[in-house]
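Can you keep this structure in mind? I'll have questions shortly.
Think of it as A, B, C and D in the order they're written, each chain with its own count starting at 1.
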Amino acid sequence: MNTEQSRSQRPRLRQAGVVIGSLPTGPQNAITDVTGVRVGHTTLIAGDGPLQPGIGPVRTGVTVILPHAGNLYSEKVRAAVHRINGFGKACGFEEVRELGVLESPIALTNTLNVWRVADALVDDALAQNPDIGIRTSTFNPVVGECNDGFLNDIQGRHVSAADVHAALAAARQSEVGAPVREGSVGAGTGTSCFGWKGGIGTASRVIPAQAGGWTLGALVQSNFGRADQLVVNGDAVGQRLRPDHLAAKEADAEKGSIMIVLATDAPLESRQLQRLCGRVAAGLARTGSTIGHGSGDFVIAFSTATRIPHEPTTLTHSEVVLVDEGRVLSFLFDAVVEAVEEAVLNSLYTATTVTGRDGNRRVKFGENE
Amino acid sequence: MNTEQSRSQRPRLRQAGVVIGSLPTGPQNAITDVTGVRVGHTTLIAGDGPLQPGIGPVRTGVTVILPHAGNLYSEKVRAAVHRINGFGKACGFEEVRELGVLESPIALTNTLNVWRVADALVDDALAQNPDIGIRTSTFNPVVGECNDGFLNDIQGRHVSAADVHAALAAARQSEVGAPVREGSVGAGTGTSCFGWKGGIGTASRVIPAQAGGWTLGALVQSNFGRADQLVVNGDAVGQRLRPDHLAAKEADAEKGSIMIVLATDAPLESRQLQRLCGRVAAGLARTGSTIGHGSGDFVIAFSTATRIPHEPTTLTHSEVVLVDEGRVLSFLFDAVVEAVEEAVLNSLYTATTVTGRDGNRRVKFGENE
Amino acid sequence: MNTEQSRSQRPRLRQAGVVIGSLPTGPQNAITDVTGVRVGHTTLIAGDGPLQPGIGPVRTGVTVILPHAGNLYSEKVRAAVHRINGFGKACGFEEVRELGVLESPIALTNTLNVWRVADALVDDALAQNPDIGIRTSTFNPVVGECNDGFLNDIQGRHVSAADVHAALAAARQSEVGAPVREGSVGAGTGTSCFGWKGGIGTASRVIPAQAGGWTLGALVQSNFGRADQLVVNGDAVGQRLRPDHLAAKEADAEKGSIMIVLATDAPLESRQLQRLCGRVAAGLARTGSTIGHGSGDFVIAFSTATRIPHEPTTLTHSEVVLVDEGRVLSFLFDAVVEAVEEAVLNSLYTATTVTGRDGNRRVKFGENE
Amino acid sequence: MNTEQSRSQRPRLRQAGVVIGSLPTGPQNAITDVTGVRVGHTTLIAGDGPLQPGIGPVRTGVTVILPHAGNLYSEKVRAAVHRINGFGKACGFEEVRELGVLESPIALTNTLNVWRVADALVDDALAQNPDIGIRTSTFNPVVGECNDGFLNDIQGRHVSAADVHAALAAARQSEVGAPVREGSVGAGTGTSCFGWKGGIGTASRVIPAQAGGWTLGALVQSNFGRADQLVVNGDAVGQRLRPDHLAAKEADAEKGSIMIVLATDAPLESRQLQRLCGRVAAGLARTGSTIGHGSGDFVIAFSTATRIPHEPTTLTHSEVVLVDEGRVLSFLFDAVVEAVEEAVLNSLYTATTVTGRDGNRRVKFGENE
């Protein structure tokens, strides 16, 4: 199977001259601007022609996001999860809600592949931590998904354990602060956005030094929206670019979803991370989303500021925590909204045309079919 | 105390030529387009000059929304509540969550007046239902609020039981489908929105006949946002209209809030009404909100389709319920987003300049101080 | 109105020879064993004979619990709230959920008096903090309730602001670690429990020194249960003590409720306090509760370990936090279950017979009518 | 691999002379008393001696519960899920929360096998519904788990897709109202309960005819509790039967969990099913549980009364719904508490001694090692 990733990338939103919001970006305008965060993709493209369920064509992949390159099970990070609309199969959320920590890489993939990918994360955790389930407690993999069945043989569940391990290896070997490939890659290989090709997008914001100077990054797997809904920085471009798509309203609306990952180095406890998650819907809305019935829209947020050992040796620990006060939080909330909006649009701007099963085709943004 | 309501009203958003979204409005473009829903205001304006805590000046009021003009305790309606951001004092939410019904008028007022207004709703329920707490169970008043302390002597808690009863009487005596007064009236008398005068706003949408033809109405008490954030139908007007206000960012951001009431005649169970609530944040975001830390942003939604008796005589009842399927729900979700966006802007467009305590002043939208 | 409190008290559960659980109690076996926590009651008993709604007879009161005797608005404590069953009117919960702090005394009273009591807490907060709503944000009073309408003229809402202020003054003037009056006092004056007289009850537990040695206290306002359900330390005494009451099953079941307050000096963040709340239902179940439909069963939990300033001067603070690990949490969870079970039974054992409106009578536990 | 199931079964609680509660049981005192509900197990026992991670010994399995024997994807049932304590990996919960329906068999297995089992449920759904992900939306498998790593090679994830399909086939081929095998079978093959061998247990209750005569069934996979905590019908037998186990308190407490499935033919909407879930903790508490930190305690509840088509042909449907009123709900709540308590004890009474990896041994209840 062909896992080659294309080396060229289309211009991102800012390269196209559109600036979202007022806060500055980090160096890469990517989730990896939060120091230590890594991203890795495996992209799966194979076969053409009529859908043969279980065989192909394959247009899918997996994207992993690591809060740090070390052993997440033994050094967990504070985290929160949030359901915007629950028509989705995200897994691992119950334990994050209860304990407020993330002990797994976050993996994104296609809807029907969630459990195979989760199982592959278990392999990885066992390899790093041979005591899991024997001497210590078990392990909670966190996986999100979008439905790429319009282009991909989704029933085939083609993302294998080896594909997950490859994405993890790529992430772990990447440099601190490396750029993130966007568009039709990894978990975004087969997804659609506002009727065009969607995929992976990312962005970041840095809040003012007097408010702490922390960085907030977002990464999305975009797969939602009807063409007529698209808004770019306040401009309802969707209404004039694709009038032909208005008729497709109902069909398009039903199969969407978006996964959003937020990372920050601000020292937030899980309750505060939950509050960040609550602002994601505002960022989505700015791109035109009305959060459709059939959409699985979930947020996973983490802070890299504190590491929580799996086996603490003391009863208490001393932790630096942000105060719940408007000055800093308002900047962080603005950062979430701006970064999510821009990450969605980056996924749209950078995605390349993909033709998949049954000749189904999603063209790149700006082109007609 | 002067409770006179001004008879003139400034042009609403559509009268100013701005059309939000694509769905048609109801006859009044108001929450009262949902048949049976009534609205009543009591507006309190008294005194001028320096703040004398507990005395005045008074710039506040109360707005009540009735799902029907009858006895809500004996004929309840299906309902849901939702917390977008919980820096607020809304009351009555726990029981609505558990039982999925509303048995009280919804009252909106200022933050510190919540409990006096709730107590006045108890008076009203006792007058209609003398058995409450004696033979039958008790009563759950539902009240929302915004902080109007920039203009109003909020410590004074000037909304009396008589003021609540007057608003209830006005609502009950109003005609079916009557227009709703907006702007600086009732609970909106002293509120601010994006740095200008805010207040009460409303709007409605009718979904296509082939999707059921149901009506969705929204009413808001707006009190949030910084001038630089304001977006009108995609146009970031706030950034050019009030550059002087950018400096006021922090102070303005801290005291905001918005209460949103949704009504529909679509036959929704409480879980489905909860899903409508989940789209309100998208409507707010389109006006520029990033849902600030200090904001109490709550939604209360109800359906008028089914009446639930307080003392049912059978073990089960047969109920018409909307199916959970994309065709209708997507239209209802779009209707929520459009109606909330327009209701907020209607509150802004119709509000008139108010000068309050200490000479504090909120000018009407479009004017500079 | 007679606010005298009886000086005698019936024997508590341990004095009757029943020991619940295995953990040791604090010095007073009371919520005040958590250093700094204070409790105050105002008990209202007036009139006899037929119910005259709005006039009497009066058998009610108010109980306040203070995390510390200082200014709670300017020095907040970490807190969580929890709904076990939401047929109740508790207020102030939304903001505690969002911000994870308590800035108000906790007041308990009768169901229809909640809002007058909340308003009186506002008076008190304004007296201590004249800037509320003027220069700073507003104030979030927290009030819980039970329905004492079987004995009390509940429609009369007889707990006045002065009664609340008296309870607050009593609490503030009490000694650190003072015993707590239980039974038919304060908010428990008119409540019922398992068909006998209920009321206020409290208990505490100290966890082992090697697990931190922290104290956990519970205080309840009991008003739930049918006679046949009562279990005392595993003995289903209700089934043999009151066979006459089995017939009353339905009527009794409908009006119950219980409010539970948990306090600890363990350094818990709000998420962890939430987890403590989740164990309260186990304590209630051990007394025989099946958590009835008509019950308003709510928990409010706080930790005295950290004080959160209303106006922090730094962006972050360093906080000692318990690690989320089994050794300590299991002891704290056991402490919650044991203390809640014992607090309920203390309320039952110490309550004295009360005859109220219409000659309605709840006899003390162990007696027949 | 040996999947033989032992044919003998130890006496259940009632056969041992212990009667829990006052409501009558259904014919089998099992979840299958709810008409149409089926249960199937695959039990995996292989190997002995030292743990060889990934190889064995194997002491595990899978248990499936079907609301009906038909196609659950095309005919869904109303459902709710609930987290008592979230230290667990249950999957499929987000979508049940959002949509209030179950479209999958419920499968129970060991902790690290969750995702392979979920993937096998996908196979099964695809076989029945070849359009999934191609023409229609995707599929939401629901899986719960307990950690059987004390006896089982949990890292091996030995429950294969074939094992899941075998359990599904067994369930589908079973008679309506068939008895359910309990104890050391299926997902309970390797679990522990209060320090003895635990496993699968079930029970049912029928509420009075005048309250509707509906049936409520519970099935549990028990894996929680310390020996000293065990209470049987109010008798703290754990404290006298196993004093040797008190020392093991900490170790035992850390790895527990319990999965609870509730079924009823009462016509409940998802909100009401959620309320049933809220009573499960009371049933657990009666057996001695304090809901430990390391426990994944989750409830899944469904009603068989209404079938929801995947592709409805009308906008609304007419549905018989239980009224939210005390008479019936109190009986159903009592039924939940009684059935859960008895199901846990049945799992304990019927489980047989199992010796597993490294010679680790859980003896049957009533025996010492």
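By definition in this document, a residue touches a chain if its C-beta (ideal position, glycine included) is under 8 Å from a C-beta of that chain, and two chains touch if they have at least 3 such contacts.
What you see is a predicted model, and the numbers here were worked out from it, not measured in a lab.
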item: Of all other chains, the one whose Cα centre sits farthest from chain D; value: B
item: Winner on C-beta contact pairs when A-C is weighed against A-D; value: A-D
item: Centroid distance [mean C-alpha coordinates] between chain B and chain A, Å; value: 35
item: Centre-to-centre distance between chain C and chain A (centres being mean Cα positions), rounded to whole Å; value: 45
item: Approximate Å spacing (C-alpha centroids) for the pair chain A, chain D; value: 34
item: Set of chain B residues in contact with two or more other chains; value: 85, 98-99, 254, 275, 294, 324-325, 327
item: Chain D residues touching chain C - in the complex, by the definition given at the top; value: 22, 84-85, 228, 231, 234-236, 250, 253-254, 275, 278-279, 281-286, 289-294, 324-327, 329-330, 333-334, 336-337
item: Interfacial residue positions of chain D with respect to chain A in the complex; value: 51, 53, 83, 85-95, 97-99, 111-112, 114-116, 118-119, 122, 126, 130, 132-134, 137-141, 147, 149, 154-155, 157, 254-255, 294, 296, 298
item: Parts of chain B lying in touch with chain D, wherever the complex brings them together; value: 98-101, 211-212, 267, 269-271, 275, 308, 311-312, 314-325, 327-328
